[in-house]
Amino acid sequence: MGKKRKLSSKKLLGQVPGSVIYTGNKPDQKLFIEAFDYTKDKYIEKELINVEECFNFEYGSITWININGLNHVDAIEKIGDHYELHPLVLEDIVNVSQRPKIDEYDDYIFIALKMLYYDTNDKMVSEQVSFVLGKDYVLSFQEAEGDVFDNVRDRIRNNKGRVRTLQSDYLLYVLIDSIVDHYFSVIEVLGDKIEDFESEIFSGNINDDISKDIQNLKREILRVRRAIFPLREVINRIEKNENTLIQKKTITYYRDVYDHLIQVSENIDIYREMIWGLMDMYMTTISNKMNEVMKVLTIMASIFIPLTFIAGIYGMNFEYIPELKYKYSYFILWGVMVVLFLGMLYYFKKKKWL
Amino acid sequence: MGKKRKLSSKKLLGQVPGSVIYTGNKPDQKLFIEAFDYTKDKYIEKELINVEECFNFEYGSITWININGLNHVDAIEKIGDHYELHPLVLEDIVNVSQRPKIDEYDDYIFIALKMLYYDTNDKMVSEQVSFVLGKDYVLSFQEAEGDVFDNVRDRIRNNKGRVRTLQSDYLLYVLIDSIVDHYFSVIEVLGDKIEDFESEIFSGNINDDISKDIQNLKREILRVRRAIFPLREVINRIEKNENTLIQKKTITYYRDVYDHLIQVSENIDIYREMIWGLMDMYMTTISNKMNEVMKVLTIMASIFIPLTFIAGIYGMNFEYIPELKYKYSYFILWGVMVVLFLGMLYYFKKKKWL
Amino acid sequence: MGKKRKLSSKKLLGQVPGSVIYTGNKPDQKLFIEAFDYTKDKYIEKELINVEECFNFEYGSITWININGLNHVDAIEKIGDHYELHPLVLEDIVNVSQRPKIDEYDDYIFIALKMLYYDTNDKMVSEQVSFVLGKDYVLSFQEAEGDVFDNVRDRIRNNKGRVRTLQSDYLLYVLIDSIVDHYFSVIEVLGDKIEDFESEIFSGNINDDISKDIQNLKREILRVRRAIFPLREVINRIEKNENTLIQKKTITYYRDVYDHLIQVSENIDIYREMIWGLMDMYMTTISNKMNEVMKVLTIMASIFIPLTFIAGIYGMNFEYIPELKYKYSYFILWGVMVVLFLGMLYYFKKKKWL
Amino acid sequence: MGKKRKLSSKKLLGQVPGSVIYTGNKPDQKLFIEAFDYTKDKYIEKELINVEECFNFEYGSITWININGLNHVDAIEKIGDHYELHPLVLEDIVNVSQRPKIDEYDDYIFIALKMLYYDTNDKMVSEQVSFVLGKDYVLSFQEAEGDVFDNVRDRIRNNKGRVRTLQSDYLLYVLIDSIVDHYFSVIEVLGDKIEDFESEIFSGNINDDISKDIQNLKREILRVRRAIFPLREVINRIEKNENTLIQKKTITYYRDVYDHLIQVSENIDIYREMIWGLMDMYMTTISNKMNEVMKVLTIMASIFIPLTFIAGIYGMNFEYIPELKYKYSYFILWGVMVVLFLGMLYYFKKKKWL
Amino acid sequence: MGKKRKLSSKKLLGQVPGSVIYTGNKPDQKLFIEAFDYTKDKYIEKELINVEECFNFEYGSITWININGLNHVDAIEKIGDHYELHPLVLEDIVNVSQRPKIDEYDDYIFIALKMLYYDTNDKMVSEQVSFVLGKDYVLSFQEAEGDVFDNVRDRIRNNKGRVRTLQSDYLLYVLIDSIVDHYFSVIEVLGDKIEDFESEIFSGNINDDISKDIQNLKREILRVRRAIFPLREVINRIEKNENTLIQKKTITYYRDVYDHLIQVSENIDIYREMIWGLMDMYMTTISNKMNEVMKVLTIMASIFIPLTFIAGIYGMNFEYIPELKYKYSYFILWGVMVVLFLGMLYYFKKKKWL
């Protein structure tokens, strides 16, 4: 992460505002552009070889152009020119440390958000996705190939659901909805992790690593939180939007996405609170362990130190110690010691230390 | 719970929006539909065999149709068709991990909330209930049979209270009021549990299980909180509603429900704070116990280690130790030791360690 | 408290809304009604035998009817009928676990709040008081006799202050003001308790009971908080009121009450913060004590264990230990031991453990 | 403080609203009234012998009357009569436990706030100051002589700054500004105290007194906070004021005071957070100390207990112990013991306990 | 820091409002003024010898005058006279402990903020920068030479970006943007420090210094927070501004700065939370260490104290102890001791203490 941050700051310091400079850490990504163009009745799917091909789609159909590879800054600038995007929008598209945001312009709406999913190594991936919603098109920009949109592609191809019959605002909704749906699986994994920690701590497993792992989990939750919480405001502003790009009947769907986001957010906050509870439990477990250790020490010491003292007494070399002469002294002493021993055990039993 | 979550995410990922897919964990529930149709003067109660029967009630009367068994998705879709419900409403009805919400449409209002009660095994049940309020009907959807509406049925049957004389908005109020009333009994049980923990901790009972139980209780309170808090907003929006479905004179009743919710919420927040206090007390109790253990150890060691040292002195085999020869040495030594012993006891007494 | 809660839930579950059912725990309270009727020039004070007598007061004078004994539900219903109160108002009057609230109706305003005072056993009493303010009357409802209104009675009787010259809204203000004034004495007692705990903890008195007492005090503060905080909103709504029942010139007085409530609330929040500080101090005191115990143990063990080891050396029975034969060995050894002993003392002194 | 609180509650309970009763603890303060009357060209300064003299100032000049000695209730009532102040204003002036507040009347504005400064004994003084701003006068009321207004007097006398050229609203600003300026010196002292505590804790000085002192400092900060935070709202309301008493061009100055208050408030909140950090550091320091104590104990015990055991072995009196007869046994044993000793030291060194 | 604070308070107490008094701690800074004057087509850069030269720039071009050396109060007052700045603005410019703020006047806007960067010694510098934005000029005031504006100078000189083609409001944006960009590098350093602490604590390195360093880092974050958070409000007010000084098309750029500030703020809050987590981890690490120490002690004591007791038994001098006579007693005893020893080891192994 350190590396990436350095890059990002290199970008930010002293650049002309509106400079389109890629800030991510995948500079060798190859450019991959796919386009869908559809109306209710027909649909075209193309993998494009160069950017200019994007611009040939006829008027009247809905076009979705999905650009992968933010390192190809020149291609993105060409698209920006064609669709007349503001320079700051282009800057935001390639600045992958962007916070989820919405910017409304006269002819289009720009939305940036984070796509979260677990990759094949079970590591959380947080990839920035930007959307530009125009009257009859949606542009989507991703850092690399691999996304959560397969079901959207499927629906367009097979005319499932209502996506082919509605406008670009509905397409955008479907894309965002796919991303938000994946948030649920991400927080499910987080929830499972918390439960694992709990059972580990309950089972008395307390090493330093756990506190490290908890700290890491806390940070992961903070990251998810940071990706998701600002998005609520973004969706809320889409709902409140007075732009004609978002039609009134689509608003209902965005409200549904908003409800989902609220639900995810609440879960995240509950997880945060549970993690604080975990640390508390961890602390009490440590304290209880120490208590147990102390009890063993105290019991051993309290039983044997007095007995050793007694033995020490009769190890003294005074010439005149009457007991030493007496024949049964030794056995009587053993008896006394056993009684003392049992008395001690009883005492500790009563104190519930045993 | 893990199982259920998996199901819910399976549903959410990659489905067409508006797909009506049951997300609960009771797939074998049988369908059970009951209907009440009443005016001020007459009333009919029916257990329906199939969904279509619901649609025969005459105009002018108030109809309450209570559908149990969200797994019967086809039946719910038929009802949706008949009452012209939005697809997202149907999706929400069968998605049992729904957050309490209200959606206002032109001809009806959709409300989802959580019914909380303790079952016969003293386990908290959180079941989703959805309502659709129309001009002269209320639809209610439950995951399974068994609810908190018996007193409502009783009032309709026996014409108790004002329910038969008023409209569907009052019926909805009565149903929601029943659910909110049960929240009080749920938080009473939570309050009792907290008091139990308190007296257990006060009585010095501190094992690892308590911290586990407290953590579980904390989670239970979080669950209740999550069920209840969003409902305040829902009821508030009913109050502020400009829809003619909710009449002005019924608003007073909803305000009363709102007051109850605020009261429940405040109690929950107080319980949360008290649970934090419990953990604190638990920690101090552990520390006090350890203090006590340490004191026993210190007292035993401080008394007997010096005495043992003295005994050790006279166990040495030097040829010339004058005391050894003296006849009363042994008894004098005993005297010295007893004095030391008593001195120590006095010292610890003064320090209030004994 | 457990008992009372059970009663309250018995009431709440499954009752027709608007049912007037007493939820308190004083079912044997006798009914006691007193009435004041006054104008600027004359005044009548009566203890009433039955409810109907309340209704005879002439038009043009201000009437204050004070009803004690909420268990006499029938009497309250009669009053409700006469003054045309909404059924929910009557329900709220006799539901003593009510949260402070205000309900505005066309002809009257309903206010419920908590009267707090310390009884003769120095136990905090929290009694619900409800007011109904009409054009020329104030009704007050209390659970039992005994209240904080004696000075108000006195002012009416002796025409002190402005109460006789002004309207019913001023009378209501005077009554609420009396209640709020007593909040100050209640929080004074709480403040004194906190100071007592502080000096106890400072004086090193740390037993389990203190943490229990602090927990109890915390709960008491939570109760007071719950009684007082919602009242701010109530008074605020009186101030903002557009109802003609509250005259513009009286608003200044209500604003004064509001200021007092803010002041009380701030004190309560400061007390809460101080209590958290107390727990912290308690924890550090425990830790310091344990530190002290550990030091004693460490000092005793560190001094005498090595000395005992030396004594043990010369208690060995080897045939050839040269030192044993030497005449002054014993005395030299004592010297060595004393030096060791003093060295240890010096070391611990330097470490500031002594 | 206990005493004062008792007095204040005695006042509050059961008094007619608007009663002018002094609640402070300086009943023997002598009355001291000073008056400034000035225009741009001339100025008069007078020490007044009786209240009535205040009323002789001519129309057209600005008059500042500064009354010291709130115990002289009759004098204050006379002034109230002359300037036609509302009874509640007079009550607030002499109630020294007032919260900072502003009350706007038709002809004047009443402001109460706290003057904070350190007296000659380095003890924080919190004295209530009330202002009444009229068209051409400012009244100020203080509990006792001694204030922070010397530079204001100086400016009036010597016609420094703009005070003589502007109206009474600017005079009020100058007075409030003097008070707010002193808040900065008060929080500077608080900041210094926190730094002192930090260096004390860093230097390892941990006794019970520190936790007591920190608790006291926390309380002092709470007091300052309570004095300053509500004042922001007061100044804000002056800014927003629509009363003609505050002229538009003076608003800029009040905004400046407001900015200062925000700055002071932020500092206070930072101090609060730093104090919480102090307690944390204190706790870790205690724990570290205990760790150190435990290490000494463990090292001493772990080294000498095994050695003592070995010595004990050869102190046994068995008739047949072969080693006892061997001539070099004693020296070999010493060798073994030294090796053990060094091994232990090495082990503890490696564990970094030494 | 103590020194500086004293100076600042000396200034604040008792000064006439609007007095232009330098409150910083660099009284020997030499005055350095640079000016840029440019239109789209031409540009002049000058280092000015005296203040009056600033005033010669022709109408129609954009002028940026950058004044370094706030101690030269007279120069600043001359500039204030020329540009007709309000006395309070001048006071704020030279009061370096100013909070970030914006003041809008009719003809100009005053903005004060903090420039943060790490100097060559890796110490964070927080320097106050003030801007005055007029119709065709921007004045900037810095305490000392050395700033973050080099790229702005470069852009003006070489006509890079849009700065030369746009108005003074865009120039102000570019300057503020440079400052905000540097905030990112500052919080990157803070993030790195937190990671360093984490790995240090994870590696078990726990000395008192760490808690001191964490406390210092916490304070540094508080400082950054205090510099950055109020700036959000400032930029927000620029966005909302109705003044014609900020043109509509420039607003987009300020919104971009606002987004950056939100991002920085979120990072700061995440760092704060992570630091709290660090303290927790530190505490658990200490506790774990103590646990380990206690275990060593307990193992050593529990093993050797009983063995020593056994040796003590046979060191007693009773005349009749049968075992002493038996030839193999000694060896049997060794066997018993070894068995005991191994049993203990096994026991502690099973308890996972070894």
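First chain written, first letter: the chains are A, B, C, D and E, and each begins at residue 1.
Please note the rule applied: a contact is a pair of C-beta atoms (placed from the backbone, for glycine too) under 8 Å apart; a residue touches a chain by one contact, two chains touch by 3 or more.
This is a predicted model, so every value here is computed, not measured.
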Specify the angle of rotation obtained when superposing subunit A on subunit D by their C-alpha atoms, rounded to a multiple of 5 degrees. 145
Across the interface between the identical copies subunit A and subunit E, with over half of residue numbers shared counting as same and under half as different, the residues used are different
Gap in Å, rounded to a whole number, between the CA centres of subunit E and subunit D: 26
From the mean C-alpha coordinate of subunit A to that of subunit C, what's the distance rounded to whole Å? 43
Give the residues of subunit B that touch two or more other chains, as numbers and ranges in rising order. 283, 287, 290, 294, 297, 301, 305, 308, 312, 315-317, 321
Which of line, ring, star, complete or other matches the graph of chains that touch? ring
Starting from subunit C and heading to subunit D first, what is the chain order around the ring? C, D, E, A, B
Note: in the complex, subunit E contacts subunit A through residues 150-151, 155, 160-162, 173-174, 177-178, 181-182, 184-185, 188, 191-192, 195, 198, 202, 204, 252-253, 255-256, 259, 262-263, 266, 270, 273-274, 277, 280-281, 283-285, 287-288, 290-291, 294-295, 297-298, 301-302, 305-306, 308-309, 312-313, 315-321, 353
Complex contacts: residues of subunit B adjacent to subunit A: 2, 5-6, 8-9, 12-19, 86, 88, 97, 99, 101, 103, 206-208, 211-212, 215, 218-219, 222, 226, 230, 279, 282-283, 286-287, 289-290, 293-294, 296-297, 300-301, 304-305, 307-308, 311-312, 314-317, 321, 323-325, 327-330, 333
